[in-house]
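A short worksheet on the structure shown next.
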Amino acid sequence: MIVCFGEAMVRFAPPHFARIEQCRSFDVEVGGAELNTAAGLVRLGREARWVSALPNNALGRLVVNRVREAGVCTEYVTLTDDGRCGLYFLEFGASPRASSILYDRKEASIAKSKAGTNSFWGGKKAGTFDWAEVLDGADWFHVTGITAAVIEDRDVLSEALSAARSARVPVSVDLNYRSKLWPADEAGKVMAGVVKGVELLIAGEADADNLFGVKGDSFADVAAKLADRFSVKHVAGRKRTTPLFWRNSSWAVGFSNGELFETPSYEVEIVDRLGAGDAMASGIIHGLLDGDFAKGLQYGAAMGAIKQTLPGDLPWIDKEEVEATMTGQGLRIKR
Amino acid sequence: MIVCFGEAMVRFAPPHFARIEQCRSFDVEVGGAELNTAAGLVRLGREARWVSALPNNALGRLVVNRVREAGVCTEYVTLTDDGRCGLYFLEFGASPRASSILYDRKEASIAKSKAGTNSFWGGKKAGTFDWAEVLDGADWFHVTGITAAVIEDRDVLSEALSAARSARVPVSVDLNYRSKLWPADEAGKVMAGVVKGVELLIAGEADADNLFGVKGDSFADVAAKLADRFSVKHVAGRKRTTPLFWRNSSWAVGFSNGELFETPSYEVEIVDRLGAGDAMASGIIHGLLDGDFAKGLQYGAAMGAIKQTLPGDLPWIDKEEVEATMTGQGLRIKR
Amino acid sequence: MIVCFGEAMVRFAPPHFARIEQCRSFDVEVGGAELNTAAGLVRLGREARWVSALPNNALGRLVVNRVREAGVCTEYVTLTDDGRCGLYFLEFGASPRASSILYDRKEASIAKSKAGTNSFWGGKKAGTFDWAEVLDGADWFHVTGITAAVIEDRDVLSEALSAARSARVPVSVDLNYRSKLWPADEAGKVMAGVVKGVELLIAGEADADNLFGVKGDSFADVAAKLADRFSVKHVAGRKRTTPLFWRNSSWAVGFSNGELFETPSYEVEIVDRLGAGDAMASGIIHGLLDGDFAKGLQYGAAMGAIKQTLPGDLPWIDKEEVEATMTGQGLRIKR
Amino acid sequence: MIVCFGEAMVRFAPPHFARIEQCRSFDVEVGGAELNTAAGLVRLGREARWVSALPNNALGRLVVNRVREAGVCTEYVTLTDDGRCGLYFLEFGASPRASSILYDRKEASIAKSKAGTNSFWGGKKAGTFDWAEVLDGADWFHVTGITAAVIEDRDVLSEALSAARSARVPVSVDLNYRSKLWPADEAGKVMAGVVKGVELLIAGEADADNLFGVKGDSFADVAAKLADRFSVKHVAGRKRTTPLFWRNSSWAVGFSNGELFETPSYEVEIVDRLGAGDAMASGIIHGLLDGDFAKGLQYGAAMGAIKQTLPGDLPWIDKEEVEATMTGQGLRIKR
Amino acid sequence: MIVCFGEAMVRFAPPHFARIEQCRSFDVEVGGAELNTAAGLVRLGREARWVSALPNNALGRLVVNRVREAGVCTEYVTLTDDGRCGLYFLEFGASPRASSILYDRKEASIAKSKAGTNSFWGGKKAGTFDWAEVLDGADWFHVTGITAAVIEDRDVLSEALSAARSARVPVSVDLNYRSKLWPADEAGKVMAGVVKGVELLIAGEADADNLFGVKGDSFADVAAKLADRFSVKHVAGRKRTTPLFWRNSSWAVGFSNGELFETPSYEVEIVDRLGAGDAMASGIIHGLLDGDFAKGLQYGAAMGAIKQTLPGDLPWIDKEEVEATMTGQGLRIKR
Amino acid sequence: MIVCFGEAMVRFAPPHFARIEQCRSFDVEVGGAELNTAAGLVRLGREARWVSALPNNALGRLVVNRVREAGVCTEYVTLTDDGRCGLYFLEFGASPRASSILYDRKEASIAKSKAGTNSFWGGKKAGTFDWAEVLDGADWFHVTGITAAVIEDRDVLSEALSAARSARVPVSVDLNYRSKLWPADEAGKVMAGVVKGVELLIAGEADADNLFGVKGDSFADVAAKLADRFSVKHVAGRKRTTPLFWRNSSWAVGFSNGELFETPSYEVEIVDRLGAGDAMASGIIHGLLDGDFAKGLQYGAAMGAIKQTLPGDLPWIDKEEVEATMTGQGLRIKR
């Protein structure tokens, strides 16, 4: 069972490339980096538990309902009167106009969550999450830099990571730097602590430079330096060419024990690229849970490509479809 | 030209009586008590100016666009980087299930607006609104208790009212008490100042009791006391029977100079009852601007009834339609 | 086989009671008085042929396609380069706001159709319709006052009626007076000729007075005078009470050979009342074709009621449903 | 934890009262009598487990996803290659046209489920359901006559009931006779065995007569006879008046230990009446689990009324809303 | 007049690339190989008659209505109480995810149709179709391998082909092998009989190998062998490159009397590729009816390309558009 | 402030590439060449006034509302009882099927507008537009060949141009030849007068040849001849390659004072190409108003490209977005 910890937001998007400002009806999806990864793992046949905090109102329930629909366990989602539901508004782009996102996630319930779960004295449960309980039975713990950025009380994530370490639960971290959430130098400082000694670090070259000042000639070079500096076992990254907005080619790269891995590249016709990186993370974790990083990257590359062909942030892929893609099925309709 | 001052929110509603928590697509409308009244006055052939503050982003522009679409002047709407766009989520009910509203309007740009426009020393414009400019050419100023409740800096509204008084612009106030926004005692204290000496006070009997402790046997009784206590010229109220959720009958009552006015009652088949009171306010102000309170109530009653047959908060009525309703047209299709 | 002659228009209606002027998407239906009646007869198991003229473009084809979908024969619909496709825009009302219709049917192809089919000299076919061919095999010919109003060349309808008379095809006429199309005095003069000696005249009391100055104490009284003045065998009318816009009760009345017929009344929850009178006409003609006026009125009353529960102008009723309604089935779902 | 056993179907319904035969787009819901009851219990704060069999394809997964979305446990839903997914097509009616349902549920996976779970010899699990496992931890077992009708192998339900008896799990049965599924005499024979000794029997007076020949002057009379004949502790029924299709009044009646219970009646504006009886069942079971039949009927009556105001078969009610309705809240919007 | 014989199904597809399992609303189309070809012929200005069997319910009527809408004659469609309406569910893909189809067509009415029409003794009509009547006035008879696969009673198709032979009606067969419907060896045996001596055989190289073990270096080689083995006059095939899912290039090839034909290739932006081969068949038959195979292939290639730009299985092309495409019109909007 | 003079039509388009003739619901937009340009100028931060005539009905109001929504001044739009609202129906194409447009704009109110505003004697205002008033405060006047084509009274445009000349308001003309509106020779004669001495002429090479017989080897050559013949200061043109329907590359070219200007080319993924040329015109005028033709072409090229990525005729671009595109921003989502 994989535990994923982070925010989810309700997403509002105008249909068919319209502008938000002229929109009369918004399509509603639910997404969040760690949630997306949890959903991907469920689609690959694993059990996943999503840990979060949401307001105890109709929007909070909307999120919970859709997480359940995706088969992700919501037992450790706290419904609280504190804070609101994070929202975001998405405009789909087309070349040469980029997609754009308007976040309305301030004062979200998870941002206001509190550390203090593990307080033993006085028996008073002060924190929002009881990590011992949450991690009970966990095979893996996954988190991204977004969680680090949004929770005001920095101790919440520290507690989670300590608890994982104590329980010998392997940890993966996707840097996922968002400049709209925090400045790079602050992010660098915080994330340096977060990624220390994790089993898997997912990091793009730009973020490595931005946050940690780690530069290199190639992904292998950068990954080697990251692995070394932060005592990380596996480093992975998502590659893509973006000649246009409705088309790209995407693949995965990995580095471990001095070895570079690179998957084949997929030609992608893009329906909705949100959550592609998170879907890739599912695949990689899936492989690592079977002790096979190379296989994980293969799954990750296929998941990341297929996700882009599906509407919404959650990767509603089929495992068979992923595996057929990995083995090069054609594009004919199966009849 | 009528100046209306207050917040507008983007409204999200699931189609066809669905629950918010199961909704896949929200219909988008724009509404706000004073804005609704401004739009109603435009539909009656008058010029109206809506004064407000909105975030300088796609949601803020969505509101401005739709206000312009309705023909209301947006020249004095401030687009600011301060605060967010107020939102609300609406579930349509059916007997015996009431409609319900989830507000997500905290930290709205208008709530964070600041007083200080009229600072004469040093020439420095400190406040959000320049009331002298805003009220230039105004024949009327309209505001409701919601504006009083949401703006954190209480001086903003005081300034507006002083400016109106100085400029000899008649003022109307709709009490519009919202218990989700502020407690009754606080509202009572603030609103006592706001309604002092206004030309028109719109107040239900329950609110009169709730906020001011004014009780009476009848609307006439309560209205007489309110008129007396607050030196108000005209007092008006909306009456309705609500046997069901898709049906009611509604009419208007008024009190002025010791005289009671009561309009005929309309049988209403309800499509969307939001904004009915604000539409009624348009009609009453319309009459008073022509110096005829009784006529205003007639318009108000018809506007309030017809608004309930139209989707959205804004009263997209036709003036001819209102007048035909007032003179008792039938329900046959005109061919 | 019943021949129905008249215009059909494409209808555009905003969904869910919205105004045309704020509409972002129109629902599209097809309707026309005689076409609606033809479709009703097909639903009752009869063959019907609709005769008309339409532009030879995508809108004309849209109409033809949907007429065919409804099972009505379109073999004698002329697609021409002359004229345009009639359109109408419909706003659904709710009490106290009446529905309203905006016609945009000027210059329609049928309005520009020409007489002259039956020209014997020189063998040159000058007219739009060849009535001998059109009426070949016909058991009945149906037309309404709308056809008389819209076709500029008055001889077109005269020719059709002469041809029917020659071929001994019984004729029904629904007065269907539309004040937006022509003045009452002109309509009166023209329709006096049209209804002369027909088998069935459908006429409301108001139209009888308006067009022909025929007044009376009751439907029976008026019908007797009409039957007498115009040598008409059967006179029928639709009755309804309209307390509200979403509810009425409706029934049929008839007069023949000095006898008055009156059906039971149906309580109707109204989805779309357009075409109810035309659906009633189908039922009455259906009965008369079996030589049973009373039965025809029964069918007509049920058809007219059920049509109002179905969206669009065409009466997509089931014959079984009509007969179940006539025998008083309840409102429980059949499982 | 309540165990509910039965079929669920995917439901296709044309929007806005259209006919199936003219429909271009179907709205999709999921429903099934026992599933609806399970969902209602979850909404009241209880845990419920739905037991069923579905095809292992996209439609089967659609059902499972939406059951999970509703918070009902799907752990004991068998996905199988045997059989197909039951479907039904629904046309919404309006007076005088009744709603109608077209079932396409033959060869459904659950219909083909097999008995044989409890085979002890040889350790071979021959049946579809392992009732010992399924009922582990159960506080209640609920089933309806539909399950009895659809499963070809009659022993499947017998096994389930025996297992419940062995495990001392109280049982409720809703007769739910469907004449489209089986003849009354066959249903009578089978159901006589099914209802024997259950804790709660939900039965209408018509079905009691139809299936068992039990007649009486009143619900109390019939219920007394049923209780006596089948050794049933509690008998309940749903009452409603159906003057129209969009309006009814509905309430619940119960009989236990010689005592008659009757709840207040609710005036209902009907959005979707499917599943109202199943929602009522949730309320009654909820009360009985707390040992309070009268309370159960109160909840049941409110649930049954509110369900009719919500689209879809599943009762997406709020517990607070139910309780507010029970205590007579008005129909004003809460602001 | 062309007679086309086969099944049609109702097709349900989620909008905008969504998964079936998460879909809330399905778009509804109607399609079937032979029906699609019939519709294409009508669009080219010919008369076509579609022969089939459908259940006598709302879904069966839905199919008939839409076939009529497309202008195809439905006089010989049998509405029966035997069997159900075939359905299929379609998910639109995007590279690298293929589209997928879920058939739910078992127990379809046509599958249960019976042979025996031509029984001469006793005058008793035992079969579902009376081929003498059906083929009366026919200029061509078209069928595909799907019809051969789905009808349980193999004699039905044999009877049809014998009747065509007797009536000297030329026959075309599209192999259309569907592995989900029957195994290749069975299909090979049955189809060998079906294609014997037909005027036109449409066959891909893969199917020729699969079903008949006919291999070759090129289409010409394979076609020559097929023509020889089965005494077929014309052999045709559809060629396409499928670099991606939203783009391909497609053209037609043919072989007759030792001569190879190949049309230009069209660059296609794909909206809905279902029915492209059937549309091509329309074009080829259209040409052969004029005695010009080369022209037929030209029409076929253009029809097959244009069909892919239109939603739904039926080829709603314009004849002018086809011809403009054949002569190389550009892509500018005509204004 | 820029004054733009011309017709606007309501546009009806079937969703998702469907044919008009099978459409059940049309999406509604508003567009017109000069209006589109006015809207583009508003989006670039300028004030624009649109001058036109529309019927005083719901369709006319629909146009006005949406023009206001776009921020364009409608003060000089005449609502009249003369004429109807121009409509057009649009089918979106995909290669190899071109988009097509069906105009239904005959008898439009603007087509029936009358000259005569500037009559000084007798004080009688005979014309539809009072150009002195309309042009008061204008910095620029923009019109296209469509306006010249549609207004029956040719003097209307002459008056406008004279008034602009008198008021020393610079004029831009986009040839915009539409062969469906008038023959090339007539257009050539009229437009020769219209473009005489204007500040900016937008003309494609094909139109230059077609209308004026001006041919050349290159845009520069043709533009030089046009500039010379008509004493035009700046000549501009839109270039694009159209390999497919959903993709093109587009850029702008200009010629002034013997100098050729050419912008970079943009790779465009096309959502809706209508109005691209009009959006380009906005950019060019924007530059010229700042005295910088080269800058104008840069803005124009970016506006023309981005417009094609947005649904509807009006260019709902952001100024920031335009400038980011001009400076080569990538296609990554901004987060």
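For reference, chains read A, B, C, D, E and F in written order, and residue numbers begin at 1 within each chain.
The working rule: a residue touches a chain if its C-beta (ideal position, glycine included) is under 8 Å from a C-beta of that chain, and two chains touch if they have at least 3 such contacts.
As the structure is a prediction and not an experimental result, all values here were calculated from the model.
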item	value
Copies subunit C and subunit E touch via same or different residues, half shared test	same
Duplicate of the B-C contact set - from A-D, A-F or B-F, the pair where over half of the pairs recur	A-F
Computed distance of Cα centres, subunit D from subunit C, in Å	46
Centre-of-Cα separation between subunit C and subunit A, whole angstrom	62
For subunit E, residues that touch 2 or more chains besides their own	19, 21-22, 24, 65, 69
Residues on subunit D engaged by subunit B in the complex (per definition of touch)	15, 69, 266-271, 302, 305-306, 308-312, 316-317, 321, 325, 329-335
Parts of subunit C lying in touch with subunit B, wherever the complex brings them together	16-19, 21-22, 93-101, 178-180, 242-246, 273-274
For the subunit B and subunit F complex, residues of the former touching the latter	65-66, 68-71
Contact set on subunit C toward subunit F in their complex	12, 19-28, 57-59, 61-62, 65, 84-85, 87, 89, 91, 102, 104, 106-107
